[in-house]
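Please read the structure below before turning to the comments.
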Amino acid sequence: MATSTASPATTSTTAPRATSRWKGVALVGVLAIALVVAPLVSSPYVNYQLSSIAVFAVAILGLNIVMGYTGQVSLGQSAFLGLGAYIAAYGILHDWPGPLTLLLCAVVPAVVGMLVALAAARLRGLALAMITLALPIVGVPLARRFDEFTGGSQGQVVSWLRAPESSGLANDQWRYYVVVLIAVVAFALARNLVRGRIGRSFAIVKENEAVALSMGVSPYRTKVLAFTIASLLGGVSGFMYLAVVQYTSPETLVFATSINLVAAMVIGGSASIVGTALGAVYYVLVPVLAGQVNSSRTALISGVVLLAVLFLLPAGLVSLPRRLARLRSSRRRPAHPPAHPTTSDEAAQTASAPTAATTDQHS
Amino acid sequence: TRDSTAGGPGADDSASPGITDDSISIGISSPLSGATAGPGSCTIAGLDAYIEAKNAAGGFEFGDGKTRTVDFTYLDDVYDPAKAVSNFRQLLNDNIFAYVGALGTPTNAAVMPIAEEEEVPQVLLTTGARTFSNDQEAHPWTTGFVPTYATEGRAFGELLANANQPLTVATLAQNDDFGESYLDGLNEAIEGSQVQIVASATYEPTDTTLDAQVTELAASKADVLLSAVSVTPLQVGVLTKAQSLGWLPRIFLPSNTSTPGTILQPGGAAAYPAVYTPSFSKNPNSPAFANDEDVKAYLDAFEKYGSKIATTYTPHCAWSYAEGAVLDEAFQGMEEPTREAFMTSLKSISGFQAPLLLDGITVDTTTDDDAAIADVQLVQYDGQAAFKPVTAY
Amino acid sequence: MSLLELEDVTASYGHAQVLHGISFSLPENGATGLLGANGAGKTTTLRAISGTVRTTGRILFEGRDISGLGPDRTAHLGIAHVPEGRGTLGQLSVRENLLVGAYQRKDRKQIATDVDYVLDLFPNLQERVRSNAAALSGGEQQMLAVGRAFMAKPRVILLDEASLGLAPSTARRVYDAVVRLRREAQVSMVVVEQNANLAFSVVDDATVLETGRVALHGSRDELMGMDAVRRAYLGG
Amino acid sequence: MTTTTGTEAPDAALSVRDVSLRFGGITVLDGVSFDAPRGGILGLVGPNGAGKTSLFNCISGHYQPTAGSILVNGTETVRTRAWRMAQLGLARTFQHPALRLDATVLENVMLGAHSWLPGGPVSWSLRLPATRRQEREARATALELLDRTGLAWAASMPADELSHGLHKGVELCRALLSRPRLLLLDEPAAGLSHGEVEALIGTVREVRREFELTVVVVEHHMGLISALTDRVVVLDHGAKLMEGTAAEAQSDSRVVEAYLGKEAAADESA
Amino acid sequence: MSYFIQVVVDGLSNGAIYAAIALAIVLVYRATALINFAQGGMAVAATFVAYALTQAGVPVLLALIAAVVFGFVLGALLERGVMRHFEGGDPDTAVVATIALLVILSGASAFFFGYEPHPFPSLFPNKTIGVLGVFVSLRSIGTIAVLLVVMVGLQLLFQGTKLGLAMRAVADNPRSSALSGLPVSRLLMIGWGLAAALGAIAGVLVAPQLFISPGMLDFVLVYALASAILGGLDSPIGAVVAAAFIGVIENLAGAYLDFIGDDLKIAVPFIAVIVILVVRPQGLFGRKVTVRV
């Protein structure tokens, strides 16, 4: 904010914004290079973990759209993950072309999600949670029942997505590139989506449906849209799951996975794209780390870690930089501002912006 | 591409990863938390007890004349296939030599193709699913240890068929491969006999009670109830519910849910005319085996090492202890420090009387279509805390 | 001796400090006003007193420093805060809202009479006594919020734009009731009110806030005599 | 769905015809009728609980009237879904400001552009050039509106850092950004000080002229009503008590009795 | 006919299990406006205390009382030590905090008692009575009787007492309640304490059937949640009626609809719940939440 009333507000706000934009671009560049290089220097195990992060990142992304951004509790994301994985398995085992399979993994869950939402979006809060919760609960026995499509409780092993000879890559590297590419595309599209018109409609439906109505936003349609996108992304993550795990069974869609995805979403940062990715990292890595500490106590350890993170960062991992910055600044600044007349003056100017603004306008 | 097999440190060129001149590392991933954690931790605890005890006694002797200690790494997969794959990859990354004894059908099924591809032994699995044992040519790196569920089912079927009377059977089976294989085995054995299945029901492991199923089956008034239920409270519920409905058939229970202390006594099984179960291992807690040397050794080792991993006993604790002995046997026959040599040795064990196995039950890994233990003995509940042998219906 | 005294009170939301050393005092059975433009810090001052915002400085109530006490504690001491905006419990009925207002009190019989008094004062509420508070009109909710504060039988009442959304006649009635409360029950009050005509009809003196600081303090008559004050708050 | 009635009040931006509204046993509105002439400013006053906000809710589609019809720019809208009303040129503010408190003021205002910004989820996730251009335009307009209401300084502040009184202004900007032709204001002056009310009057007059708006305003601030409105409709207990100019209303004995109170009327005229 | 009645009776005794936990969910919801996943974990932890005591030879009834006291203290402490931190923040964060608590509590239970189920002695005689070919266990009858008492008690608490009113006020709007001098923190603590105490009762009632293990209530919780929501979330009577409905309809579907079978019968109550909720979003006995613009 403007620290001196004399300097026009525009320059003082755009200057830091421009540098932060450059910082952002640089960060994205570094990240992109890291993403490309990582699999080349990592073991198959590390690549498996990185690929898993991409898989669950997309599942959590969908969840974040419907829950974080639009405020509609969904306890059914694992059902779409499982559905996508089953469709992918069926497609691969029946020699459908890969891109077509991916398309169906997106479209079919999206349609199913939309149909569910057409009924469910009339509800809100816990009634809605109830409906979404039923999806994995009913989905598991359904998957067992239709074993000619799903392989029943034995599940289905699908060995596919081998690196083409010409690529010179190992299978794990190749699979990594495939899933990370899909994830990057999904993230880019989602990021655009939540920024503009549609994103604002999500946000206002979360905040206040009456206002949404008066601004020309149909809460019902918006919720159906959010659910559809969430299911679509869930389905896509199912495809990615099959690409990475090469196996699917009713265990893929159990309710517990949904709950863990919700926890990961909140831990990463609800209504945040970066938070989504961090949530996926958390989802995949914390059990691994817990296993390193003590394999017999993974539940206890993950629970404690979960709670600890929530304690320190209630707004999610994504708020860590902000939190650190705040800690640093509060350490620099005395707890009782009056001790330092100039700082308190500045604060006064900030807090009393109306007067500051008027002087701006008239000077 | 990159080198798929980097040799472990200290190993000479010909050795497989995970083995040196004085140590060998093996790993396992089983559920250590969540609903299946009880059996899951036992699959680790028993094996660990055997290994640690042997290590403490100087180590394992190998066919190549060296003595090695075993490094044992175990991980938790919460019965989640994706986590099992992750764990398996992690273990490979940590250079394990072999993956031994893991519990769980979906988790092992997900691991199997990777084991085949990476040519890593995934052996002596503590799961009775047939997939891992019935076609070992197709997946030469994988073997099952405990009798398949079908073997158990078949044993029942044979007893019934051999009774040579018209018998009616009601079946209650878990709605997955466990239940299905059980029924498959039963059906194979009773084909063409006078035995007839007159009612059948299934259940989900997540059900809270099976009262409805038992009520339905009771209406058939069948002579025999095969209760292929793998969940302790549900199995107890079946036993109590059937008698409360005044239905007292002869009962068949699977080997993993027939422990007197936790199932039969709470379920009031003494009320039934007969309760049968297939058995292949000694129950170390049973007074009948209190003086057994194997049992004493087991209890000793378990007390020292296993009890920090599993706090409650399930039969899997005893089974995985026996697994340790089979592993030992395989090491003894292993002439080179390679996985190939290990598999060759492992697959040539026959007639081996592993500790804790019942007299007459032996380990035979030479067949290509069955688990290492291919036989069971039927035993009958004596109404208190133990079983007695059965010969006829 | 003054009943309530603020000494150099600051307050902040997160890292934004909005009060920069406010001091004023309220005598026993007194009525003082707070005036100021939007964002001057009137609401925040009341929040500082009732303990719903982080503060420094001293807030003395009956000679005892109450800064740092939470709203439930200050309410317990006899400070009733009618907050700005919706101050009701939406999913509770009108009657239940009033009973919650009397939570601190032990005199059960008297509570029933007081509920009747409030319902009498606001016939709208009487008609809606079983409705959920959330169903009420904006003005009716405001009445309920004021009624709830009355139910507490406080020593001091903090009124934050109590006339907000009230019809002129109703607003008048609220302030008449407030005056009566002061006269009959010796309740003291701090009044924030944009409708300065109403405010000046109840207060003895007032403090004018500007960007979180005291700009002016004076008795009612002094202030009403000042041109600047008349122009900004009274019109004309 | 579109029934144009050419017969009565052809130039009413809003016609309310015999509108009744009941909740369970409660009659909230009882056969209310009036017209709001195009380009004018109509005041809607009445005691608390008279049904003013409920009437707004009926017009904006948040409530479904039990009986009666409502024409907005000649179109019958009683069965129209609330979220379509914005496309018909209707915008409103709320008695209790309803903003996204964690979002910036500008983001809040930008929501107003929803009804006219083009494109669905696909074009927005692809950031097609057309959507980007329109978004930029909307942003510019939003800033302009904030500037006009004296809130430009707050554009990038989170809404919860603004005091209560200023939220009203943000809501007004949001409503204006939707390019309305009929604007419903519910107690816009509540919580504003005298000077701020004057400013508000100026702003409303200005935007009405510039955007050719029809305005209906609910307000208890009689000063604002007198200064701003051409006509007022007085509601009491859900029924129309009278209609006329502000001055007529203030001198009407029924209105004084039901609404203003005797002393208040005296105050106001003083 | 007697088969039909038997199926219904079996369904009711299943329903009793769901109802026990559903009542606890209703209690927390009314007292804290939160869906509390830790509910199951607290109930299990308290039941384990009762288990440990019965193992040490304490009579079941005494063990139950001890568990109730322990539950109350545990619930209150968790609120005080953990949940208070999340008050006034994003409700999603608070819900995930309860998930964390659930994981920790069951992890801790497992730490002491392992994951395997243990038999648990019943409060009521382990007998079955038969009337006209229909058999009911005394345990089920006893469970239902206790539940009905609890249900009435809860209803009275919320509708007829000052404490109940205060808890509802706090759940509705803690800030506004504080301004009337309601000790918000203490009331939330009491709410959590009562919920966990009730969880202890529920746990002791259902443990003889389910056997006690850290995961004893994991799946029951799902049914209980469905019951509580179908009942209307703020209605104890609704929760019990809904739980009975769910128990019975599930059993009937399994018994009489062949294409449904034992595997998919779980779908029937959930689909029924969904249909009912779509028609009546506030649930069977719930009051409509009033929202106004």
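Letters A, B, C, D and E mark the chains as written, and numbering starts fresh at 1 in each.
The definition used in the following text is that contacts are C-beta pairs under 8 Å (C-beta built on N, C-alpha and C of every residue); 3 or more make two chains touch, one makes a residue touch a chain.
In this text the structure is predicted, and so the values were computed from the model without any measurement.
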item: Partner chains shared by chain A and chain B (touch criterion as defined above); value: E
item: Fewest hops from chain D to chain E - one hop per pair of touching chains; value: 1
item: Greatest separation from chain A - chain, by CA centre; value: C
item: Centre-to-centre distance between chain C and chain A (centres being mean Cα positions), rounded to whole Å; value: 45
item: Rounded Å distance between chain A and chain E, as computed from the means of their C-alpha atoms; value: 32
item: Geometric centre distance via CA averages, chain D-chain C, whole Å; value: 29
item: Overlap residues in chain A, where contacts from two or more other chains coincide; value: 141, 144, 210-211, 214, 297, 299, 353-354
item: Residue list for chain C, restricted to those that touch at least two other chains; value: 16, 37-39, 135-136
item: Chain D, residues touching no fewer than two other chains; value: 53, 62, 94, 98, 166
item: Of chain E, residues touching chain C in the complex; value: 162, 165-166, 168-169, 172-173, 175-184, 287, 289-292
item: Complex contacts: residues of chain D adjacent to chain E; value: 53, 57, 62, 94, 98
item: Chain D residues within the chain A interface of the complex; value: 60-62, 81-87, 91-92, 94, 98, 100, 103, 107, 110-115, 117, 119-121, 124-127, 131, 135, 150, 152-154, 156-157, 166, 174, 178
item: Partner chain D, residues of chain A touching it in the complex; value: 9, 13, 189-190, 192-193, 196-201, 203-204, 207-208, 210-219, 225, 229, 353-354, 356-358, 360
item: Touch list for chain D against partner chain C, complex; value: 23, 46-50, 52-54, 95-96, 161-166, 187, 190-196, 198, 220, 222-223, 259-261, 263-265, 267-268
